[in-house]
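Think of it as A, B, C and D in the order they're written, each chain with its own count starting at 1.
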Amino acid sequence: MFKKLERTKVFRDPIYGYIEVDLELISKLIDSKEVQRLRRIRQLSGVGMVFQTAEHSRFCHALGTYQMARLVLLKVEGIKENLDEYEQVLFLCTSLLHDIGHGPYSHAFENVLDVSHEEMSARIITYKDSDIYKILVEEKINPFDISSIIRKEGKYRLIEQLISSQLDVDRLDYLSRDAYFTGALYGNIDRLRLLRSLIIKDQKVLVRASGLHSVESYLMARYHMYFQVYYHPVARAYELLLESIYNRIKDLVANNIKINANLEDFLAILKDSNNIKSYIEIDDNYVFGFIKQLIKSEDEILNKFANAIENRHLFKYIELNKDINLDLIKPYLNKKYYYYESSVSAVAYLTTLGKDNINIYLDNGKIIPIEEYSSVINALAVSSYKEVKRIYYFEG
Amino acid sequence: MFKKLERTKVFRDPIYGYIEVDLELISKLIDSKEVQRLRRIRQLSGVGMVFQTAEHSRFCHALGTYQMARLVLLKVEGIKENLDEYEQVLFLCTSLLHDIGHGPYSHAFENVLDVSHEEMSARIITYKDSDIYKILVEEKINPFDISSIIRKEGKYRLIEQLISSQLDVDRLDYLSRDAYFTGALYGNIDRLRLLRSLIIKDQKVLVRASGLHSVESYLMARYHMYFQVYYHPVARAYELLLESIYNRIKDLVANNIKINANLEDFLAILKDSNNIKSYIEIDDNYVFGFIKQLIKSEDEILNKFANAIENRHLFKYIELNKDINLDLIKPYLNKKYYYYESSVSAVAYLTTLGKDNINIYLDNGKIIPIEEYSSVINALAVSSYKEVKRIYYFEG
Amino acid sequence: MFKKLERTKVFRDPIYGYIEVDLELISKLIDSKEVQRLRRIRQLSGVGMVFQTAEHSRFCHALGTYQMARLVLLKVEGIKENLDEYEQVLFLCTSLLHDIGHGPYSHAFENVLDVSHEEMSARIITYKDSDIYKILVEEKINPFDISSIIRKEGKYRLIEQLISSQLDVDRLDYLSRDAYFTGALYGNIDRLRLLRSLIIKDQKVLVRASGLHSVESYLMARYHMYFQVYYHPVARAYELLLESIYNRIKDLVANNIKINANLEDFLAILKDSNNIKSYIEIDDNYVFGFIKQLIKSEDEILNKFANAIENRHLFKYIELNKDINLDLIKPYLNKKYYYYESSVSAVAYLTTLGKDNINIYLDNGKIIPIEEYSSVINALAVSSYKEVKRIYYFEG
Amino acid sequence: MFKKLERTKVFRDPIYGYIEVDLELISKLIDSKEVQRLRRIRQLSGVGMVFQTAEHSRFCHALGTYQMARLVLLKVEGIKENLDEYEQVLFLCTSLLHDIGHGPYSHAFENVLDVSHEEMSARIITYKDSDIYKILVEEKINPFDISSIIRKEGKYRLIEQLISSQLDVDRLDYLSRDAYFTGALYGNIDRLRLLRSLIIKDQKVLVRASGLHSVESYLMARYHMYFQVYYHPVARAYELLLESIYNRIKDLVANNIKINANLEDFLAILKDSNNIKSYIEIDDNYVFGFIKQLIKSEDEILNKFANAIENRHLFKYIELNKDINLDLIKPYLNKKYYYYESSVSAVAYLTTLGKDNINIYLDNGKIIPIEEYSSVINALAVSSYKEVKRIYYFEG
């Protein structure tokens, strides 16, 4: 039996009205150093350069994902029969902690570190000196159960689906949230309708046939959010400035050239991505703090890109699938730090993800893949695939 | 030059904040008997039996469509170059008046009268004794120009497209509005983004390539609103009660059997649908007024269906495309008044409507059909077609 | 133990997302003839003449009040300790049924009948032939307990407060709802914050000191909704047309003059307001049904006012507290049917309502009247009293 | 004549839908280094520690204030007659630039610098090396006209009122915006209604009598936002950590003790607040960048408070107007860095601000102070004054 707080704690939230915390364990996790760190990491990285109001942090998404998990436990038919008390709390904890491993401006960061943020999440949660680890152990939740879910090891199949599949608490929160904070209306999905459409049977998340339309609508919303928000070329054009700085630092370090800025923890994780102690120190403030110093760097490259960040002098880009004139970018072609090729793609629904697929629960009890039930989704799965290739180059 | 009001008149509206009227002509039209009549005709007929908050009138949709037309004139690139002042005002008037010919619970009504509401709109506007006709003539707008647009005679091609095509001011208003009043979230389209995506060239409404996603999203919203709201079987199950009453009245009249209720105007238009004077008298109040009287009718059929309306005793229904047991409905099969077959269908996008199709304006100035530009829309056009056949029967 | 439905029933609602019904008793009550009748009675009567989108019915407010009561049971501290199971269900039933006695365009109607709608609610609920009475008895709820609460007889003091005081589930629903459907933003109160501020102690509804601001804000919202929406002079100018018709009918009946329209039930309740059977037949459709007939009445007065309703030819009005020129209205002064004096007043908070007052629960456990704790409310109680006197006259 | 952009530029914004820029001058100002810097300064400083979603920047408020000014020019009666073209553009520029002088976590910052942010705004705008100055001069706007408005020198009285009074474009934007991003509902003011209530006469902003309620409602919203959001004690408890760090730095510098962190620009402005070049370098990133370094500082005080920021170890506080036990704080009393007294106060309406007061324009053309016209506002002006004194102390 997990200990309840004397009085339910609430966090005001524009998406849910209130986020409610009634377990002491959850309350302690929220106050942990590692969860608090998410306050200092922007949810949408460079997207704020296009949608100027999208400055919300990963912290509020962590709380929101937890709240979605709470709603799943309260509203979805069959959930209580399929998860015992330990598993219910495990689900809540995982929803809160699933993004704990994100670094600042994650895309650029992952490219340089070469470790996924999911893997970093798992490592932090099982790192014995982290607040999280200590709290979990003290409150009788095995941290390795959470990392197992994040790593999708199959031990808790139902929770894995609920946390990460093509229809999960993570997406249900972030689509709504990112739509709210950008002002883009596409992501305005009908969360309550979706929740009512779900049913849990034999450890599987299923969608009732009557809820088909709400899933079709959700998939389209997700698809449009990808191209209109998450993949916006200007966001990438900004993040590449960071990537060039990281790459330059790597090269200077490799050549034993000293950089005049506070980079200790960053250099530590470049050397060893298992250095969780240093990893946790690194957040948006940390990165923009050393970039502030690099503005006056003696290294011309660092100096240039640090100033570019400050003054929003972004990479330029052209799309490759048009009849473009490559002469334009000739001087930048393949020039280190100044040139990147990038490709983004999305499809409204992927039929090949096996256990992450969406299945329909028919009135007669039969279960079939959604693409067999919905000709719309079948069509989208085939034809909505869209890939955009871009060349980014930096002038100056 | 059309006369302006001394001070802009406003109508509070939850969709636009305010609806603004600055022309005297528009103000007079709004005050006309025929436009005021729309206050007494529900926009969504029987849908209110499912979505209990959807009680809004056609009057507020008429104002809303006018406001969308205003926004088109204010915001869409190229519109002023393609419409002269007379045409701009013509467009505003037509947007306000396009639904003037609707009767109460239109579907059942049209079935019985066998005249489309568009045709009735055209007739009312050109009916010399209508307030509308007199106001228009007085203010130097030719009523026959409006009826020509409504009848799509091709004289004002651009206005016809703006008023009625697959992307028009009518739909842009009603999808948002019906979503708001039902509480269904699907219809929450991004009107402002769509407006910014439009461009008028050579009397044609085009969509910029960059606005593709907003159109895809709008088409899906429309599609879902059809099946989730407009085609909801319970709405039809209610409207059929009216249809049975109408049919019974028709039969009794044909047999010269007197009905003990105030039906004068209704009988008049059954005899002659060109009787505009009587037509205008008929609204929701009129119909529910005589149904109140029929509750005590001596005719058993009228009595039964009138009471059914009062007590929400609806038609039952089954879907034909399931492995259904027709034994269930055997006693009702083809039984007059008690049995109806119904079929509804929709497709996200229809490629075969010629001038009502949506075309994309590419950056290089080329114009192509949207389904050629968007593989998503192409797929939806082919595969989103969905037809639902139902049998409705009345027990009791 | 009250029987639960097999699957929770939901009603889509723009205010709460969903209204959830899990008790069979509530489901049956909603389907009763008397609750269904509320679908045909507009919540805001003549206000729809000013705010054209405000066409919502008393039915959706009844559901909404029930949902607020549900939320109170789920969220308010101390509620479960203060209400046993029977009382909890009693509270839910009363919230659903509290407005059951409203007639069409209630103000005009009450003036003519001279019985309050609360009293009519109590009578209907305890009327042995009503569906409601039968359902309640069958499901082991004493109808007289509900009428006792509505009549505020003091038997269930806590429920009485929750249903009707200066801060109750009725107001919490209708302020939000009426704001939503009019588009007026004043009523946009913070329901969730208010619920969290409440605490039940010794059968009393109290507000925590920390929730003071949300109550101040709610009281101002209520105050502004009164003058901006509920008391809008145009609404009254419309309702008076009905009142004149009612008065004329009364007079003709008193003089034994036959009226050529279906008025049976209306005449029945004019004679005896205890005639519940007739009362239940009367709704908006009934009234507008006979008004449709009166358009052609031979009585000049009825004819005139019926046509005025149809064509929105409203009473004119002037405010008395200005330096007005009474010459203007001389021809109408005190002229029966054509002239009314009207006075509306409101105060943000009334300190003299005894058990309906709002009390603050201090951190130290002390309880004090809100006006002692908040100087703002104290000031408003004294000085926000506002009375507007108007003269209404009918030209023509 | 000011040059228009070829195509209107838009910024998506959740408050207005779109913010539209059609003047080249405005577009250039937005791209200036000094306006872009506002992206890196949070609008609500420490409030994000309570309302975790309130992470929006001053940049989006600057754009929003500009958009409000645009709406004033489009919608307010009499504005065009009272401002010539130069003044209209001056108004737009000033609205965009009015907050340009804010530093990071402004309250703490101003306390240490002892210069108001308004004064800093004026200095930056008239600093010859700023991008802003150059752009303005090039586009024929005199920067000193803008600084004159910000300093309220009386040269442009009408613009001064519109930019900063008790009802101005600044407040109209930030109340809505801060409500949106915190999720607090109090600030949800009716901007459109307010705009329609305004009228400009003889260079004065007046409110029509009919708009009284919307102003009362706005004043209450503002009042509640103060105590519920802006003055939230936790926000201050966080900002004081910064203040202690600043104070400690000041003291160390005074004693010539070297601090091991990149503080050059900060020390420069401590020495001379006229050093605009350094001032502009300082933003949230700058401050949190050096705080990251101070985490490992050898100075015990800096070390302690820097770590407190990182781990959200906030000042504790008690309210003085309760029967408090001062023993609790005895060890901290007046202890430098560890102890602060703080007092916040607000009143719903201040009658003594002279030209910043709100005046009512009566139907008969007379102009009177709002508190004479509204007994509610008169009462609030007298009795809503509320002061909260708190003691903040840092344990550890």
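The working rule: a contact is a pair of C-beta atoms (placed from the backbone, for glycine too) under 8 Å apart; a residue touches a chain by one contact, two chains touch by 3 or more.
These numbers were taken from a predicted model, which means no experiment stands behind them.
Enquirer: Which other chains touch chain A while also touching chain C?
Expert: B, D
Enquirer: If you tally the C-beta contacts, which comes out ahead, A-D or B-D?
Expert: The greater number of contacts lies at A-D.
Enquirer: Taking each chain's centre as the mean position of its Cα atoms, how many Å separate chain A from chain B?
Expert: 43
Enquirer: Just give me the whole-number Å value for how far the CA centre of chain A lies from that of chain D.
Expert: Distance between chain centres, rounded to whole Å: 32 Å.
Enquirer: CA centre of chain B versus CA centre of chain D: separation in Å?
Expert: Chain centres of chain B and chain D, defined by C-alpha means, are spaced 48 Å apart.
Enquirer: Residues of chain B that touch two or more other chains: which are they?
Expert: 17, 184, in rising order.
Enquirer: What does chain A use to touch chain C in their complex?
Expert: 7, 10, 17-18, 77, 192, 196
Enquirer: Which residues of chain B touch chain A once you look at their complex with the stated criterion?
Expert: 184-186, 188-190, 193, 213, 216-217, 220-221, 223-224, 227-228, 348, 375-376, 378-380, 382-386
Enquirer: What residues of chain A sit close enough to touch chain D in their complex?
Expert: The touching residues are 11-14, 17, 31, 33, 36, 39-40, 42, 48, 51-53, 55-57, 59-60, 63, 180-184, 261-262, 281, 284-286, 288-293, 295, 310-312.
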